[in-house]
């Protein structure tokens, strides 16, 4: 376990290097005034702002993080369940799947009145927004994964007349795993943006902070918020990755024999 | 080809039935005033509005559709290319991939002034927004698809010392195809939302229409816009589906031997 | 009992100073009211929240009141904070514009929030517009970056920020064009007013007292709001509070926040003329002075 | 009573192509074991799949003795192991799926793998096993449920001669001790003659070329040295040659 | 000059486990063909993969004659066909990948498939072919590039006896006419004796049990009836039995 952690840090090393390079170039671009600081604050300024307002920013981040976990958790739960349902009953899939796309395309801002009225101010609306935005990728990817299950293995399992539940747990979910994990990774990023947009409307968290700062010329604060949201997204993605490594632990998934 | 089209219409039949049911329930809910009409207009009202303002709505839809195609097209191009690059050079993947997640999580509205300054008001910003929002799913899914290529087949191909290009075209892309298509389906929905948000910022198309209608509490018009954007997304998804069927034409992709 | 909710349509800023002052000075409590103020954000639909009964009092703009009526939403305006609409058009002084008409007939870009009634009013009154229009999303980033760009503003906000960063600006009030809706209007549902006119009366009283305090000394309340809204600096708070003073203050004979049927009627007629509302609206019952 | 009754059985995969299995009729009695012979591509696998219910019958009938279907087991022509399960987990799979995964049966699975020479490979994943080992895991997986009848598609093709002989005798011992029946597809005529109470030989068109009862008083590797055994093997060999000549004359497919 | 030179070759997959191939040393001369024999799981496939460069050598050396590596071909133990390519497209794959896809070579691919009895299956997808057919497609794919040496891992295991004999003679004719060399893994001792100029026999531990030159003046199916031929087969059979006895005595792995 500890060894895995060490490997993982080593693996992430190039990303840190790249980050360093990126920040240097950014700093240079702003220092040389190639882009005005009121449009794009320099990294040092962003860090200073973040540091100065840390208590508020941290509280906002926590609140957003909480909503994201809720929204993403529900997306995974509902997304995987729906995918299983659609897979089990193709008629339902053919009838309902197109309407799931609707979920993805409706701008949250357009249905904000409905959301706020159903869920009220604050967290519940934010969670709902994170959920709506992040549902489809998990659903679509899990469904594809289920449909791409090796038909030869399916035939093998069928020989033993498993219950549908067994078929799901012992064959279909394991073999859909790489698809699901990719779907979750995509959804994690979307859940973050969903939560922030939700907070534009319903208040609270990083979204509110960005919204207020945006109209007040506080680009540095806007970018602080953006920074924190990216940190949240990256932490989520890394957490998912670590978790999936622990889950798989050297098992050769989807590797043919 | 014609037969395929007929099959396809038959396959979509359940969706139409479901749509009918959904609309009936919706109509009932509004007619019975379970939800007030100023929050949720009835389907008939939405259709009436759409019909009355058809010239404006149609022009807006065309303009948005155009931006979406641009944005999604670029996403596919850049997403697939990046996935290939990341796959070919793992160091680059480890360094850069985390920052692609940044793209997904930054609220377009927060960087609106930057976008507008770089791309100008109007279509270019809208396209850029559609692109930014829809890049990641294609990238992530294609990359997963490439990584999940059957190692046994990879070994087989390597025997013949193919050029990297041949390996990509003849092995990796075909076997990543189901992943890619799912990624494109997810991205299609996101490109629609990206374009609309872009239009909130830069003007034009359905986005402007929704934005203006929202300020004037024209919920019916807001929903007309939402309706058209969903129609766009569904048309895209269906087009992708038809195209992929034509492309594959009975070839047993990813089916083991 | 649960507190009554007053929904603002934006973050704590001087435009809501009186409401926070009433809370701070305890005027609500003194009037036997338990009020919870909730802040809003981009796209917070306060009027729909009010209509749906999710909140008890809301802050909306004058034109929203008329539009809501035209769409069958029965609300009553109780207290109009801004007697003169603070909406304005901010231009670079270097352009040498003398009036709104110059701006809309000039070249360059004009940023305004799409769908705002006054933009429609301009389109009718000054037709045809020559300026290129684009959506306004807040902030003055684009304004700073482009010397030929004009934008909508609250005269209490953006022009002050622009001057603070050293820009020379010239600002025109939208009201100059003849379109002058009451702004930052306290509203409630008619049902609520009819059920307990007394509570509404106490509410308006507390708000008026709050605004009186705020107009005479904004500093303590600004400090409270500053804690809630870290994005706005203390200087901006006081500058903004000073700038809005004349737009809120009424003459000696009329009380703070009071409204006239005549002005509401003008607004309704204007909105009808520019097709924002489909049918005439009776204005005599749509507001109540206390 | 007959265990398997096949009447005028045909199978075609598409209307436009010639049938793959053509008009087969035979009866396998309770307790008897059947071997299938025939040139590559003649339809042996297809017949086995039809018996197992993995393919739909196009024409004709298959009747199984009542209750038999619940006690059938199948070994595919390729190992078809689950890649993310270890050797032992692969063998345990049928027990998990049929909800009969008792401790005793786990022991049985281990014992079976030991009998098949895989006692040291319990924890290996399929990709770490040799071809012959994979096939033996598949065999263990089919045997672990204690079936009454087992359908085997060239199970020993990837084994060396010695292991193969050992496996043959293992199968015969299961037959003698547990009453296990099997339907066995093989390309080795000697193996078919050694293992089959009945031999069905198919021609290249999927038709029934020969249907014969093989009767030895006792079976054992020594039998393979006897003149009688080799005579039978020889006669089948001649049948193959005849078919080939007929084919070449007709310009037909191989 | 020697084509393949192997010195003290060992391979282990992990440091903790016993080596899979152990201390092999042999030399194959130009023009000679080699057959590999050994119990299931002894390391034959691993040796073949080492020769092809598909596995890294752990200890020892493999030296190929200069330029040979570019003219090597490989047939895996399983067909390993590309599922989305038809039979003919699978055979054309190497030509496409080596950029030598001329019209003449397309014809050659079709001709090869016809020689292998698949003339009517050109457009079928792998999932529509029988096991033996798939293996033959794999064989055609390996031959289509006109290699100088071809490594074959039990290529005929899924074929009936007649087809197998025909394939054996086809291979011999390629050897005689085109100078094709091969390294051939098989479980059939007779096949090894029939096809090999040299036979390498491995023991269960991956070591070198026997290394012998087989010399017949001429080869043809009739050879299999001769006493000399059967004597050699018999001697190998005895070697297998000896190894087994030794194993049982040592309580070793199979």
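In order of appearance the chains are A, B, C, D and E, and numbering begins at 1 in each one.
Here, contacts are C-beta pairs under 8 Å (C-beta built on N, C-alpha and C of every residue); 3 or more make two chains touch, one makes a residue touch a chain.
Predicted model, so just to flag it, every value in this text is computed and none were measured.
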item	value
Steps in the shortest chain-to-chain touch route ending at chain D and beginning at chain C	2
Taking each chain's C-alpha mean as its centre, the one farthest from chain E	C
Pair with more cross-chain C-beta pairs in contact, given A-C and A-D	A-C
CA centroid of chain B to CA centroid of chain E, Å	51
Distance from the mean Cα position of chain C to that of chain B, given in whole angstrom	38
Multi-partner residues of chain A (each touching 2 or more other chains)	39, 109, 113, 117, 152, 200, 207, 214, 254-256
Contacts with 2+ other chains: residues of chain D	none
Shared interface positions of chain C, touching two or more other chains	42-43, 48, 52, 137, 139, 141, 145
Chain pairs in mutual contact under the definition given at the outset	A-B, A-C, A-D, B-C, B-E, D-E
Complex contacts: residues of chain A adjacent to chain B	11-15, 17-19, 22, 39-40, 91-92, 94-99, 101-102, 104-107, 109-111, 113-114, 117, 136-137, 140-141, 144, 147-148, 150-152, 178-179, 181-182, 185-186, 189-190, 192-193, 196-197, 200, 207, 210, 214, 222-223, 225-226, 229-230, 232-234, 237, 254-256
Interface residues, chain D side, partner chain A - complex	52, 54, 73-74, 76, 79-84, 93-94, 96-98, 125-127, 134, 145
List of chain A residues in touch with chain D within their complex	152-153, 155-157, 159-162, 166, 170-171, 174, 251-257
Complex interface listing, chain B residues touching chain C	36-39, 109, 112-113, 116-117, 121-122, 200-203, 208, 211-217
Contact footprint of chain D on chain E as seen in their complex	13, 37-41, 45, 77-78, 117, 119-120, 128-133, 136, 153-154, 157-164, 187-189, 237, 240-241, 244, 253-254
